[in-house]
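Before I ask anything, here is the structure I am working with.
As written, the chains take the letters A, B, C, D, E and F, and residue 1 is the first residue of each chain.
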Amino acid sequence: MSMVDVSTKKASARRARAEARLTLSRAAAAAIRKVDLKKGDALAAAQIAGILAAKQTPALIPLTHPLPLSSVDVNFRWDRNVLVVQTDVQTNAATGVEMEALVGAAIAALTIYDMVKSLERGIRIESIRLIEKTGGKSGVWKASR
Amino acid sequence: MSMVDVSTKKASARRARAEARLTLSRAAAAAIRKVDLKKGDALAAAQIAGILAAKQTPALIPLTHPLPLSSVDVNFRWDRNVLVVQTDVQTNAATGVEMEALVGAAIAALTIYDMVKSLERGIRIESIRLIEKTGGKSGVWKASR
Amino acid sequence: MSMVDVSTKKASARRARAEARLTLSRAAAAAIRKVDLKKGDALAAAQIAGILAAKQTPALIPLTHPLPLSSVDVNFRWDRNVLVVQTDVQTNAATGVEMEALVGAAIAALTIYDMVKSLERGIRIESIRLIEKTGGKSGVWKASR
Amino acid sequence: MSMVDVSTKKASARRARAEARLTLSRAAAAAIRKVDLKKGDALAAAQIAGILAAKQTPALIPLTHPLPLSSVDVNFRWDRNVLVVQTDVQTNAATGVEMEALVGAAIAALTIYDMVKSLERGIRIESIRLIEKTGGKSGVWKASR
Amino acid sequence: MSMVDVSTKKASARRARAEARLTLSRAAAAAIRKVDLKKGDALAAAQIAGILAAKQTPALIPLTHPLPLSSVDVNFRWDRNVLVVQTDVQTNAATGVEMEALVGAAIAALTIYDMVKSLERGIRIESIRLIEKTGGKSGVWKASR
Amino acid sequence: MSMVDVSTKKASARRARAEARLTLSRAAAAAIRKVDLKKGDALAAAQIAGILAAKQTPALIPLTHPLPLSSVDVNFRWDRNVLVVQTDVQTNAATGVEMEALVGAAIAALTIYDMVKSLERGIRIESIRLIEKTGGKSGVWKASR
C-alpha cells in the first residue's frame, strides 16, 4: 500500500461537498430541534465534532495527505424526519479534499447518534456520500442524484 | 452539554456490534477481492484503520468516555456487490461501547472508499448502524432486522 | 523527569473543579450572550472543546497518567463582563484529575478567545486555577478564596 | 459555527507572541530554579510541552486552520516570584498564529503547575494573553501595556 | 530548546529514505511470510502503521515542523531471516523529512514486533538509520555503506 | 487482523523494561553531555518525548490495548560513546506493557537523533529491544544478554 505521490502535481483550488443522512423517529427529531435532550445541543456538538474530525483525516484514513485546509463547514437541514448533514471543505493543494468532507460528515452524524441514543437506539445513518468535487485535473464531478 | 456521569455505575462486561455497508460497482468489488488496486490491499488497510479509529473514539465523539477496550475486531463479508464491514468491540466498564463499534465501522468503510475512489467516485456508504449490544442495565438490544 | 509511580495506590473516587476567567468588553460579552458572532455560538464551541481537551490531558501534560474519566462538565456563568468557565471532572482512579479540570478550563477559555478575537483582540484570560479537589490521601482541598 | 474561509487570502509572513504568568510561593520558585523537584526539571518539561501543544492547536481549538508553522519558541523569565512564559510562533500562511502562541503558553504554564503542585496546590495562572502579532491585513498589533 | 526557524528558507523538493532491520528466528520469519500468525498479516499492519506514524512525526518528535508530505512509502525486503523495512518520504517544504522517514521505519518495525511477539519474545530491532536524503542546501547525503 | 481478546483475563501488576542504543561520534556525545547543542538539552527533550510517546502506544501500534499506565520512566546512561535509553513502564491490567516500553525507547532515541543531526547525520540507532518483563501468565522474562 502506498500514498499516491503528488510531488509533481501543482497546488490548485479544490473543494468537496459530502453529505450524511440520519433517519430519526418523530420524537428524536423533535428533541433535537427543540434542544430538549439530556446531553444538550446535538447539532452544535455535531458541528464542532465534524469540523475537528475533518482536520484529523490524515490521522484516520491511512493513505491521505496532510493538507492546509482553508475552510471546513458543517451544516444541517431537515427533510421531514431525516436530518441531512452537509460538509464543505476547501483547500489549495495538490490533491483533493473528498475524504476530509466525508470524514467530517460521518463523525458529525455519529455525534448526533451519540446525543440521541438514549431516546432511540435504532437510528440508522444512511447514505454517506460525496455530492460534488471541483478542482484538480478531473475538474467538476457531481453525484448523479 | 455534558458527559453522562458514570461514577456510581459498576463496571461490567459489555459488547457492541456495528455494521457499515458499501454498494460497489462490479468492477470495484472485483478489484478489492483480487487486491488489484493501485493503492494496495483495501481490506487490510480498512481493518487497521477501523481498529485504530475505534480506539480514538473519545477524541472524536465529544461526550464519550475513555474506556479500557478489551478487544476490537473488524471483519468483512460480501453480499454480492455489497461489502459489509462488521465491527465487534468489548470492554469491562461502566458504560457501553456502541460508539466505538460505530466509529470503527465508519472509518473502515471510508478507508475502503479512499482505496477505490480512483476507480469509482460515486460509492455510497449505506446503513451504518448498531446491530447488537449486550451488558449494562439495559441488557441485550438487537436491531430489528 | 518521571511520572509519579501510582502502581501501589488504590483506586478511589476523586473529583476536581477548576475555573478560568475572561474579562471581556461590554460589546464582546453581549455578542457572546446573544450568539451574535460571525463564527457562531462561542459557549457551545468552548464547551465541546473543553470536554475534548480534558480527555487529551495525558497527551498534553507530560507527566500525567491516562485515567478512566467518569465525567467531564464544562459550564459558564457571568460575573458582569467577566465570563467564568467552570470545569468539573470525576474519576475512580489511583491519582487525581486536577490537570484534566485545568486543561479543560484553559482550552475552553482559549476557544472563547478564538471565537471573539475579531471583535476584541486584547482579551485577557485571568486566573486559571484549581477551585477544589476531593478524594485520595490528601482528602478535600479548597482554594482560599 | 464555521471556520473563516481563507481560500482567497494570500500567504504572508505572520508572527505572534503570547505570554502566561504564574505567581508562585518563594519555596516553589526556588525549587524550580534549582531543579529541586521530585518530578524533575519543570522548565524543560514545560518548554517541550508548550512546543508540542502549539503544533496541536488545530486539534484543540475547533475553528483554527492547520498551518505550516516555521518556528515555535517557548521561553521563561522571572519577575521575582512570578514566572513568565513567553511563546513566539511564526508561519507563512493565509491566517495568523495567535491561537498557536496562546495554546503553547497555556499548556507550558499548566505543565509547570503539574510539576510543582505537590509543593504548592494553590498556584494561579494569571494573565494568559496575546502580546503582539504582526503580518496579515491588520498589520502590527500590540497589547496595551 | 527551540525549533529551527525556517521562515526565511524557500520550499524545495526534498526526499529521505530510512531503514530498520529486524533479526528474526527462522520460525518467525516463515510465519510472517506465510501470513500464518494469530494476529494476522504482519506486513500489511506494519505498512499502514508506518505510514500513519510518519504523518504523526510533528506530534512525536518535539522540534520537528508540520510539513505537507507529498508521499510516504513503507516497503519490505528479506535478507535471509532479516526483515528490512524501508521508508521513503517526500515533501516540498523548507525543511527535510528525515525524521518522518525514521519514525515511519521505527513504528513499522515495532508493529512487526507486536504481531510476532507471541512466537518470539527476544526479537531485536537493529540499525534504524537514515539511508539517503536529497534536497535543501546540503544537497544529497548518503549513508556510508 | 484482530486484537487479542483480553476480556476474560484478570488485571494484574505488570512491568516491562526496554532499551535503545545510539552510537555517537565523540563530538556528538560530548555536545549532548555538555548540553552544547543549537537545539538545546537533548536528554530532557528525549525524556519528555519518550514518556508522551509511550502513552500514545495504542494510537501508534494497531493491535495494542489502551491501558491505565501507572508509571513511565525514561532514563539514560553512557557506555563510552554509546548512549543507552532505558524505559520502564508499569500497569495493573489484563495485558502487558512491552510495546509501551519499546515505543518510548524508540521515540526517545529518535528525538536524540533529531537534536544532534546537524552535528552528525549518520547516527545509527541500534538494538531497540525488550530487556525484561514481569507479570501475567508467562511470569518473568529476561533477554538473554
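Keep this in mind: a residue touches a chain if its C-beta (ideal position, glycine included) is under 8 Å from a C-beta of that chain, and two chains touch if they have at least 3 such contacts.
On a predicted model such as this, the values are computed, not experimentally measured, just so you know.
Enquirer: Which contact partners do chain B and chain E have in common?
Expert: The common neighbours are A, F.
Enquirer: How short can a chain-to-chain path be from chain A to chain F, counted in steps between touching chains?
Expert: When the steps are counted carefully, the minimum from chain A to chain F is 2.
Enquirer: Chain E-chain F contact: same residues or different, taking over half shared as same?
Expert: Shared-number fraction above one half, so same.
Enquirer: Could you tell me which pair, D-F or A-D, is linked by more C-beta pairs in contact?
Expert: Greater number of contacting C-beta pairs: A-D.
Enquirer: How many Å are there between the centre of chain A and the centre of chain C, using C-alpha atoms for each centre?
Expert: 28
Enquirer: Averaging over Cα atoms per chain, report the distance between chain C and chain D in Å.
Expert: 17
Enquirer: What is the distance, in whole Å, between the centres of chain B and chain D, each centre taken as the mean of its C-alpha atoms?
Expert: 38
Enquirer: Counting only Cα atoms for the centres, state how far chain D is from chain E in Å.
Expert: About 31 Å, centre to centre.
Enquirer: Send over the residues of chain E in touch with two or more other chains.
Expert: As it turns out, chain E has residues touching two or more other chains at 1-2, 4, 40-41, 44-45, 47-49, 52, 56, 59, 62-63, 66-68.
Enquirer: So, with touch as defined above, which chain pairs make the list?
Expert: A-B, A-C, A-D, A-E, B-C, B-E, B-F, C-D, C-F, D-E, D-F, E-F
Enquirer: Chain B touches which residues of chain E in the complex?
Expert: Those in contact with chain B are residues 40-41, 44-45, 47-49, 52.
Enquirer: Mind listing the chain C positions that touch chain F in their complex?
Expert: Answer in residue numbers: 1-7, 58-59, 62-63, 65-68, 93-94.
Enquirer: Could you list, by residue number, the parts of chain E that touch chain F in their complex?
Expert: For this pair, the touching residues of chain E are 1-2, 4, 38-41, 44-45, 48-49, 52-53, 56, 59-64, 98-99, 102-103, 106-107, 109-111, 113-115, 117, 121-130, 133, 141, 143-144.
Enquirer: State the interface residues of chain F toward chain C in the complex, per the touch definition above.
Expert: 13, 44, 47-48, 51-52, 55-56, 66-74, 90-92
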